[in-house]
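Chain IDs A, B, C, D and E follow the sequence of writing; residue 1 opens each chain.
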Amino acid sequence: MSSLWLPILMAVPVLGAIVVALLPKGSTTLAKQVTLLVSLVVLALTLVMAFQFPNAAGERFKFEATYDWIPSFGVHFGVGVDGIALVLIALSAVLVPIVVLASWHDADGVKAADGTVVAPKRSVKTYFSLLLVLEAMMIGVFAATDVFLFYVFFEAMLIPMYFMIGSYGGAQRSYAAVKFLLYSLFGGLLMLVAVIGLYVVAGQGTFMFPELVGAIQDPATQKWLFAGFFIAFAIKAPLWPVHTWLPDAAAQAPAGAAVLLVGVLDKVGTFGMLRFCLELFPDAAKAFTTPIIVLAVISIIYGAIVAIGQTDMKRLIAYTSISHFGFIVMGVFAMSQVAQAGAALYMVNHGFATGALFLAAGFLIARRGSPHIADYGGVQKVTPVLAGFFLVAGLAGLSLPGLSSFVSEFMVMIGTYSSEAFGSGALAAAAIVSALAVILAAVYILWMVQRALNGPTAEPVKAFKDLNAREVWVLAPLVALIIGFGFFPKPLLDVINPAVTSTLVNVQVHNPGVAEKGAGQ
Amino acid sequence: MTYVLAADPTLADFGKDPLWITIIKAVMLFAFIMVGILLGVWFERKLISRMQHRYGPNRAGKFGILQSVADGLKMGLKEDLTPRTVDKALYLMAPIIMVVPAFLAFSVMPFGPMVNLFGVQTPLQLLDLPVAVLFVLAMGAVSVYGVVLAGWSSRSPYALLGGLRSAAQVVSYEIAMGLSFVAIFLFAGTLSTSEIVAAQQQTWFAVLLIPSFLIYVVTMFGEAARIPFDLPESEGELVGGFQTEYSSSLKFALIMMGEYVHTFTASGIAVTLFLGGWRAPFPISLWEGANVGWLPVLWFIIKFILVFCFIVWVRASLPRIRYDQLMSLGWKVLIPVNLAWILLVAAVRNVIFVRNGTFDGDIYLSAGMGVIIVIGALAIWMRFDTVNQRRKEAKKAEVEAEFEELSKEPAAGGFPVPPLDLPHYHGAQHKEIPSGTN
Amino acid sequence: MTTNYLILSGLLFSIGAVGVLIRRNAIVVFMCIELMLNACNLAFVTFARQVGNLEGQIVAFFVMVVAAAEVVVGLAIIVTIFRTRRSASVDDANLLKY
Amino acid sequence: MDLYVPILVLAVLAGGFAIFSVAIAPFTGPKRWNRAKLDAYECGIEPTPQPVGGGRFPLKYMVTAMLFIVFDIEIIFLYPWAVTFAPLRNDANQVIASGLGVFALVEMLLFIVTVLVAYAYVWRRKGLEWD
Amino acid sequence: MNPTIEFPTIEYATLAPLLLVFGAAILGVLVEAFAPRYLRKSFQVPLTLLSLIGAFALVIVQVVRGDLPTGPVAMGALAIDGPTLFIWGVILVLSAVCVLLINDEGHFVASAASVPGSADEEGAERAGHEHTEVYPLALFAVGGMLMFPAANDLLTMFVGLEVMSLPLYLLCGLARRRRLLSQEASMKYFLLGAFSSAFFLYGAAMVYGYAGTVSFAGISQAMAQGALLDPLLLLGFSLLGVGLLFKIGAAPFQAWKPDVYQGAPTPITALMASGTLVAAVGALLRVFWVGLGNLDWNWRPVLWVVAALTMMVGAVIAITQTDIKRMLAYSSIAHAGFLLVGVLATYDTGAGNAVSLQAILFYLLVYGVATVGAFAIVTLVRDPGGEANHLSRWAGLGKRAPILSGVFAFFLLAFAGIPLTSGFFGKYALFTAAIGSGQEAGDSLGAWMTGLVVVGVIASAIAAFFYVRVIVLMFFNEPAADGPAIAVPSTGTVTVITLSLLVTVGVGVFPEPVLQLANTAASSLFIR
């Protein structure tokens, strides 16, 4: 029984990309409209699918579809979603139309207020078709139930993003793009070795994820393979110390691409840890928990501290993300129901929150032509709507209660603190240390808000126009989601929890008491 | 083909002599060649003089027979010059390199059947090898080194050019020569000289394989650098060629000796491979006793002398040809003709073998192959021939046009030229044209 | 008995190899390579004698052919280069005229 | 090995003779020093000694040498072919190994045709022109 | 003398592709000899292409009919088995494609014998002369390429090696522009190539001395019975290895590759980079797997080092290159290293070996195709003085010729092994085979094989850097004011590029048919 939902979901953006690429030269507006339409169709389809999810057939993975792709290698085109994958696909589907709207003029050539060219005119069609290709791959990477297919999307995703950063980004774009590509590629290649090793050692002759679970028994082998996967995901997620590509890439990418990069692409790393590192190599995962938690905590604190020192808005947001990813990784490896559910939820919420922050910052930057915080001041008075959105997004970034990030961050910390997975106090200590980051987050967000939005109005700021309708349409849904899920995260948790449970079963960790607490949240 | 007599040596008979017999045979061979040279030089001069209505040498000894000895002594007593510029080691080695292989080449020449030499039953031949003919060719090739080195080490333009020319000529003719032997091997099935002689018991290869023989005769002159192919020396053009710097001492004598031995070798090969070797010629061969004991040496020497006479005769009759003509003949005529001929021989042999049941195979296929070869060869030749023909005609037309032009304008290019059609220029025939090449 | 020939062949090969590595003149390098090929031939023929079959000799035949073809190609290439390099002087170009 | 002893003997004889002749030559003749005698001979003009390592020579000799190599190598294959073409007989004149027969003929035909193709090319491209 | 001569037979039908190519080459020489100058090209091009296509068709016919010979053919000289036919097919396709490139105007010198810059040369140029000899020469080279991997004994292999190399030596020196460079490349290639074949030959002599035969089956058998530590054998295999590794350009014998690739006319470079590599790897496999299969505990450690070194050297030195052809040459060296990883991946079982073989065959196909495509594009980017090979000239090409640069970028990504390109699956297949072989119980290298794959992965990452650098240069840099012109591609070149692109994309997305083909070819393994 194979369902056509996911293949269609992936085919639609690919077809859209081809259509956009084939449009006659010069029809830029048409290209944008087609892209928007396609992405909205995808969003609609995703939502329909999501509502069917609870009732759909399938044990853990639903909407499964499996076709032979390369029988010689035992590779299948196997797709299917569990709760975590579903919410991440939904996240991508929501973000893409927003990004399309947000980057409506990104490729048109941007002129700063003083007339200097910030970004020269580029091919609009290419940009938007790359965007659609990227969307298809994002859906594919979360939906893949075949390890090889996952790897293929994992690597192939780099290429459209590489061109989006390299061709449409800021002044240092080519440096940033190359750095991004090489880091990811290197990690990916290590993962390739591990993928091959997994296939060879398991000896199952297949790459289907469910069949590979529990296939590797030898602890030493597990450790090696785990390391291969984990390094790739750590680079992707950016975990300290392999995070350095992210600030560059995010700062140089156009705002829309940065949203997708930080909001979705990096989630592939944490998603991969949760799905593959834990379930395929449970023993290794347990063995490595302590060092990984340490890395995660370092990331949390380090990201936050460095963010404080940033003068560039986009870099600052990138560093906050590094801090947040630390939380997610910590949640994943805390091995408790609550923490993992929180981590999964965090992935979604972080996507909305950081997305909103990047976009709001992007609109500011588009008006001033400078990413430096010091160049702004008093924006609030000139463009209250923009400032309002910016403020809400910023507060979501510091996990203010009532906003969505808070729920997830809280769950991660509680889950980690109370995790009895290993019966040690180490996790509790980690949770306590990471709580410091909440304070630091308040510092960097509020400081930025204060410097940029409040205070005396800087001279160039006075000429700012407030958000136009398009820009409002970009930010409003995100803020709505942030607030909505901040008060009512249950729909998300309802789909996430079963998936987390089955993950933990595969990892052979049981702490039902904590699970109950998590469910009650 | 009846089988060879027991007296005929086969390869198995060689390599068994005790050392002292070997030494005796070697000394005999050496003496034969040395004496042969002394007499040969005299004989050649004498013969050629008679052909030119002269007396030739007649002072030293009876009929001047000691003339060569006298020449040799004279050379020994002349001043030995070594120019300053030469590459000394090679300069001195070159004559030695020329002479020694020439002697060695003679060692596989069969003089007769098994004889009783001081109580030992042994073939009258210094040695035989499974690759005897190759050995001869190899030795011929090695002495080319002598020629080249002589020219090279002299460090003078004439000598260098002479040496190269000589090398080019010898190697060119070596190919045709090597090819002319192939037909013999096809029949004899061996490279050993004694066995080739045995294979000629019934018919000489010179009769059976006339084209091969003719080609060999031509290449023989080229290889030995005898007139009409003595271009390496060509006194008129190259002041003596590679030997310019070997003025006139024993070194020069050695070089001359080497060339003479080459001529001898060439004759010896002709006799051995084509003219039945030591076997008695036809009417005498009917007598059983003609081919046993020491008698065959006589037949060999007679044939040898006759071939040598032929060489001298040619020298007396023909002028030296031009270098390009020499090379053209070798490359454009001898080699292709030879190849076609070899294939034809093989095809015919094939037909014969298939007919007498030695081979499996379709006789018509084999015969057809032969026809293809003949027709193919002819067709190719027609093609090349028309090419040559056209070239000649074009040249003729060009010359004619030139003459026409000249006759119209006697003052060609400003120089007063007497009219070219004056009767005393061309004799009676006005239309006489210089002949083309070849 | 055959050992001596093998040693000779090894020596020739080494001389050739060293020559290729240390000589600067293309023709000499080329000659050294030919020397190496001939050392191979010697080794082949010696081994043919030693193991008592004809394969080694057949190989030697083919090697000669190949070496000859190599000579032709190699000389053509080297001569072309020499003509180019010496073309600075009219005299030289004239002397090397083909 | 014994097969080659006679060659050695003859080589010693001939070589001894040749070396003796070369060695003795300076002692038998007179010696009258004259500068001109020691120069290379060049028809009376001032001689132009060639450089060390030999002088330059026309390239056409190189071409001849190459052609020679190609055709000489051809002979390498013709000889064994010719020798084995006929059936091998024993002492009693019975065939003990058949020749290669039609096969050999066909193969040699192909071989020679191939060589002739090269030959035709050389000919048409004026490789066989001398002056 | 052996009294019973085995009557020789030659399986003409099985050898038909080989014979067709050689026959066409000989006909080509005849055309050169007899056709008038203005007609030659119009004879040569169809003759060459048709013969290659015909030979390919003959290969296909044999594959379809499926009655492959079970033993060596032509008196044990050649082995026409599954891998051979696959390699033949690949070589024929690649060379046919390269002939289309050769066919383009302006790559070859008008008169090779004239001195560069002389009036002679100018005259020949003006008269529009061209060396149509390149076609028969290329055909001879292709014939050698077919013979080289099909050889079943060391002698045939040596002859094949030389038949392949000699025409290439000459072709390398025929570039029309920058002739001094081209001639120098030719000489360098010749001297080093001849040097290496001398090593090969001496190795063959040593192995012959050990085994008493030059046929691979015989060598293998001798090893099964005799001592394996015989100095003759050890010396022999090392020298054979030197000769063969030179041909594929493995470190430390890689020095010729960049120079030659840079100097040679680009279509010839394409032929060398694709066809020669394919043939040489085929031959390498035959020597090491078939001939020296019993010695693998001995040569595998050596090849391990060579493979690791080759990958690293190729990848690292490529970074410093400023010439596109040199860079591709170093990339080719790195890829030779990857292929060596496959050669190392021997198993105890035939089925395991078939997996490795399949991977190698697959890699050869995809790499060859992408290489030809890349070089075809290199021919199109031109300066007034010829091809614009300096990397700085390629800056901003993406803006002037987006499609061309896009396709080139795609080929580069395929070289780098990014998923959804053919190169990725090639690398994947090789690495899988290698890791699998190391996992076998009692494997002499064991975990070292995984180590080698890690080295390979690191090399890939380094290699990706310089591929990406070119992409950055083309797309993210501003074009120079006087940038190179993009030649209007001829139909042939367009065909070449399109074909390569289609194969690279097609195999990248859906590799199964090609894998199946390689699998079928490999499953029969090499016959002995």
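Odds and ends about this structure:
We adopt the following convention: a residue touches a chain if its C-beta (ideal position, glycine included) is under 8 Å from a C-beta of that chain, and two chains touch if they have at least 3 such contacts.
A quick note: this is a predicted structure, and the numbers were derived from the prediction, not measured.
The set of chains in contact with chain C as well as chain E comprises D.
The chains other than chain E, linked only through touching, come apart as A | B, C, D. Graph distance from chain D to chain E, where chains that touch are one step apart, equals 1. Distances from each chain's CA mean to the overall CA mean are smallest for chain E.
Chain centres here are C-alpha means, and the one lying farthest from chain B is A. The most distant chain from chain D is A, comparing centres defined as mean Cα coordinates.
Contact counts per chain pair peak at B-D.
Rounded to a whole number, the gap between the C-alpha centres of chain A and chain E is 44 angstrom. Here the CA centre of chain B is 50 Å from the CA centre of chain E.
Put simply, the C-alpha centre of chain B and that of chain D have 13 angstrom between them. Averaged C-alpha coordinates give centres for chain B and chain C that are 31 Å from one another.
The set of chain C residues touching two or more other chains comprises 69, 76, 98.
Within chain D, contacts with two or more other chains are made by residues 72, 84, 88, 98, 123. Of all possible chain pairings, those that touch are A-E, B-D, C-D, C-E, D-E. The residues of chain D lying in touch with chain C in their complex are 56, 58-60, 62-63, 66, 69-70, 72-73, 76-77, 80. On chain E, the positions that touch chain D within their shared complex are 1-5, 7-9, 26, 29-30, 32-34.
Interface residues of chain D, counted against chain B in their complex, comprise 2-7, 9-11, 13-15, 17-19, 21-22, 24-26, 28-32, 37-43, 47-50, 54-55, 57, 61, 64-65, 67-68, 71-72, 75, 78-79, 82-88, 91-93, 95, 98-99, 101-102, 104-106, 108-109, 112, 115-116, 119, 123, 128-131.
Residue ranges of chain B in contact with chain D, taken from their complex: 1, 3, 14-17, 19, 22-23, 25-27, 29-30, 76-86, 92, 95-96, 99-100, 103-104, 107, 126-127, 129, 134, 152, 154-161, 164, 167-168, 171-172, 174-175, 178-179, 182-183, 185-187, 189-191, 239, 244-245, 247, 249-251, 253-254, 323-324, 327-328, 331-332, 335-336, 339, 342-343, 346-347, 349-350, 353-354, 358-362, 365-366, 369, 373, 380, 384.
If you check the complex, the residues on chain A that touch chain E are 68-73, 123, 151-156, 158-159, 162-163, 166-167, 173-174, 177-178, 181-182, 185-186, 189-190, 192-193, 196-197, 199-201, 224.
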